[in-house]
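You will see two complexes here that share subunit A, one where it goes with subunit B and one where it goes with subunit C.
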Partner chain A sequence: MSASSIAHAIVDGILTGGVYALMAAGLTLIFGVMDIINIAQGALVVLGAYMSYVLSAHLGIDLFLGLIITIPAFFVLGVAIEWSFMRRLREQDRVAMSILVTYAVAIIIEGILSVIFGVNVLQLHASYVDSTFHLLGFYLPYIYVFGFVLALVLLAALYYVLYRTHFGRGVRGSLQNRTAAELIGVNVDRVRMVSVGIGVAVTAAGGMVFGATNAFTPSSGYDLISRLLSIVILAGLGSIGGALVAALFMVTLEDVVAVVWSPVWATLVYYASLIVVLSFRPNGLFGTAAVRAQ
Partner chain B sequence: MTTSEPASGNGNGGAAPGELLLKVEGVTAGYGGGDILKGVSFTVARNEIMCIVGPNGSGKSTLLSTISGILRPRTGEIAFLGDSLVGLAPRQILGKGVVLVPQAHSLFAEMTVRENVEMGAYTVRDPALVRRRRDEIEEMFPLVRERAADKAGSLSGGQQRLVELARSLMLDPSLIVLDEPSIGLDPPTRRTVFQMVRLMNEQGRTILLVEQNARAGLKLSTRGLVLENGRVRLTGTGREILEHPEIGSLYLGGAVSSTPAG
Partner chain C sequence: MSARAPVRALLVVLGIVILGVFPLVFSNPTTTSIAFFTVVFMVCASAWNMFAGSSGYIALGHAVYFGCGAYALTLLANHLGFAAGWGVFALVPVAGIVAGLIAIPTGLIALRARRHTFVVITIAFMFIFQLAAFNLGFTGGSSGLQPPTPLWSVKTYNDNFYYVIALVLLATVALSWLVRRSRFGLQLLAIRDDEERARGLGVRVGRVKLTAFILSAIPVGMAGGVYAYFLGQIFPQFAFDPLFDLSIALMAFLGGLGTVAGPLLGALVLESLQQYFTVQYGASQAYLIIYGALFLVVVLLLPRGVIPSVEELISRWRSRSGAPEPEPGETGRTGGGVVEAGAR
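Now for the complex of A and B:
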């Protein structure tokens, strides 16, 4: 272990953490407006990776350019999932039932991907995925930096929509007090549908970067969902800014522990830190569950 | 759908005081299997303050929910300025100029006081109009200006109630429906809230309120209605109801002449 390897672990953690935040943003947004824990988020990330794979490997479309197609397609997919699965859940037992229903969505996605692509391991390729640059004495693939920048741009766009637009006011109103939002004229059903669409749309970008930085199979979503859930729980369900902080913390901590101590302990230390945080702040670092409960 | 902006001005929409504003005719409504409202009929004229009183479970809040579109009546008709409200979504009813201020906790606790007030004009797409109305309301409610940047959740219960009242004016409504405006407030704060309700009425708004504190509510009102077991037991001026011997002893702890108002 050396100072430079720790520095490398931190840089790596920050770059990867941004992408995890992007993948978790949809999860936390959907929970915020719908009270739905979208277990299918991991499967959707993997679906995003496969869509990018099809566009790049079969149609020769650049991975980033392909997002012009996959992001709108995922928006439509999100709207369809909300319409066909989520809005049918009763308010009273929505959280519990959502876990079962979205788990079913995950199985459906995994099944379809397995039938079409088989279970072989894939990874996305492009010149910037396979080439590296020099930083702090280490060689990092360009995709890590590009992915991080993309994550920041999309998270900033999401933040802008939520905090600077008329629609965003409706989303935040529905999130904090849905009855009051309805009474002042917010079309809560529409806001929810569009929010899920946006949440799933940004997942397409997360999926592309995930597929470019990790090998994946149709069942890779299950490992991913536990990590994404732990990020949004640490952040506080419903907090997008918190998801960025929590993701950077989680991945950086894991990377540093892996270098300083052992990779075996990396995940364990992260989950232990999650338990410690939750014992002092049961709603997570930035959670507002008490407010939402009104 | 985006609701249209209600008539601007003082909420009168050019109509004369005393004109029939709201007509509720034979309304039956309830949750689940049973009916809570069993054929309720009454009218509200423009510029009135109409107070609905009655024991717990008599259907007061259900009636307001039905008028505001949260609950759909099973039978009967609700008309506002001659247009039926039955089957309309809350935001469509809002667009007609009927605003409901629910019982409690209707602010967005994580938003600032100013954002909360501006949210009252969510359906208005003209920023200049929103700003103008906000300025007028800040004149009327100095608290809104003084605490503009504070989170609404940090205000006391009484202050939150005032912000809720202020927000209800952002659409310049003709009819403001208040569900228990004084609930949980100490007497001085309750007086302030009632003063604001009276001021809103003097500025041309018609008020329909449900009030647990029947005596204070009826004293504030031009007309009252006693709801009992989902049916209208009595209507009359606030004074008539307060002085009605049977109603007084049943719901008000004695008629007004024998007990000072609270």
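Now for the complex of A and C:
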């Protein structure tokens, strides 16, 4: 273990963490606005990876260019999921039922992907995925940097939409207090539908970067959703800024532990840190006691 | 209830008889092994429901107790030098106790958090245990462990295991029924409906939740032990399986969360269906699509599960045909009545 390998782990963690932040932001946005834990988020990321695979391997479309197709497609998919399943849940046991419904969506996605693509391991390829550059004494594929920049751009866009537009005010209003938002004329149903659309759309981008930096199978979504849930819970559900910090923290921690201690125990530290933090702050790092006062 | 009690008793007796004679009637080894797996899941779904269905805390980490039971039985049988045969079954209750002991610290930590966070902490525990099983020395890592394998003929083999797990099922259902009828069960329901108010009314919330959590872990651990012994091998990814967590929750929801019979019905339908698909279509994952779609249909059309919905239909039909409604004091004791109260 050298200083260089620790530096490598930190750089790697931050670059990967940016992409996790993007996926977690979508998850926490859906939770904040809908009061729904979207278990399908992991499966949607994997679906995004497969769509990028089809576009690049079969149609020869560049991975980043393909996002122009997949992001709007995923937005529509998100709206469709919200319209057909999520809004039909009753208020009183919404969280519990949402876990089940979105889990069902996840296994359907996994089933469809398995039938079409089989259960073999795939990875996305492009010139910038397979070539590396030299930094601080180690080599890094370009995709890590490109993916990080993409995540930053999309997070900035998300920030702009949420904090600088009329629609964003409606979203934040619905996040704080649904009834009050409705009373001052926010169309909460429309806000919810579009929020889920956005929350799912970012998984298309997340899925492309995930697929280019990891090998994946149709069932990769379960490991991923556990990580994403840990991030948003650690951050405090509904806190988008918190998700960013928590994602960078958790992923960097895991990478550093992998170098300093052992790769096999890194994941354990990842989940153990979640439990330790929650033992002291049950609502997460940036969560408040009553996220949704209603 | 006066009119329904004999019907209910008849159904219970019928259920026990079917459970008892099933392998005698359907002696095909494929069928009896499907029956074995189905009963394993009936135990787990019923035990899970005892905690999660009554308290409203959706635990998605009961694979921890399943896996710990599986490893406990295997390790004890191997290290204490148990010969393959009936003797190993004596370790099944021990597997349950080990699972119950592990449920104490994990339950204490997880139950500090409320609903959504609780769900995620239980998932995190599941992954921690899976990782530990992969990486600790005594668990054999990814190559897993092998308990002793009894040299019974295929038919005796399946039947013996089936009857052992059937006994565990009877005990679990009896426990679940007793909890449901008891003051303790009512306290759990009060927690589900309004935890703060229950606390205000003098329910020792933390203690009640933890007790229910431990009680629900024990049968799951026993089932895990029998399961490992039946398969003759145990691997981390099957002992601590995230799909297991979701499957038993799904079974309880399908049948009717918080009812005694609901999880049994849910497990009976879903596990036998899944086993059938696996046998029929082998490694194909197509059953996932059917499984998921069926699940969606049930959750959206019968959000309270099959049993409460059917009970409601029957009572509506009864009141239309002029039969007297069950007395309010007694509905609190039947599955459907309390679910209705909770859903209001």
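We take it that the second predicted complex is superposed on the first by the 290 of 294 C-alpha atoms of A that agree within 3 Å, B and C clash if a C-alpha of one lies under 4 Å from a C-alpha of the other, contacts with A are read in each partner's own complex, and residues count from 1 in each chain.
The rule is short, and it goes like this: a contact is a pair of C-beta atoms (placed from the backbone, for glycine too) under 8 Å apart; a residue touches a chain by one contact, two chains touch by 3 or more.
Only a predicted model underlies this, so the values are computations on that prediction, with no experimental measurement involved.
Superimposing the complexes on subunit A yields a three-chain arrangement in which subunit B and subunit C fit side by side. In the superposed model, the vertex angle subunit B-subunit A-subunit C (Cα centres) comes to 90 degrees (nearest 10). In the superposition on chain A, A:Ala104 makes contact with subunit C only, while subunit B stays out of contact range. Subunit A is touched at more residues by one of its partners, and among subunit B and subunit C that partner is C.
In the superposed model, A:Asn187 makes contact with subunit B only, not with subunit C. When the two complexes are overlaid on their common chain A, residue A:Ser279 makes contact with subunit C while staying clear of subunit B. Of the two partner chains placed by superposition, only subunit C is touched by A:Phe85; subunit B is not.
After overlaying the two complexes on the shared chain, residue contacts for A:Thr165 are found with neither subunit B nor subunit C. By the touch criterion stated above, A:Gln176 is placed in contact with subunit B alone, subunit C being left untouched.
Taken over all C-alpha pairs, subunit B and subunit C come no nearer than 9 Å in the superposed arrangement.
Across the two superposed structures, the residue set of subunit A contacted by subunit B and also by subunit C is empty.
Those residues of subunit C whose C-beta lies close enough to touch subunit A in the complex are 56, 58, 60, 109, 112-117, 119-121, 123-125, 127-128, 131-132, 134-135, 242-243, 246, 249-250, 253, 283-293, 295-296, 299-300, 303, 343. Across the complex, subunit B is touched by residues 166, 169-170, 172-173, 176-177, 179-187, 288, 291, 294 of subunit A.
Taken together, the subunit A residues at the contact with subunit C in this complex read 31, 37, 85, 88-90, 92-93, 95-97, 99-101, 103-108, 110-112, 114-115, 119, 218, 222, 226, 229-230, 233, 237, 264-265, 267-268, 271-272, 274-275, 278-279, 282-284.
Every residue of subunit B that touches subunit A in the complex is listed here, in rising order: 1, 3, 68, 70, 89-91, 94-95, 99-100, 102, 105-111, 115, 119-120, 122-123, 125, 153, 167, 171.
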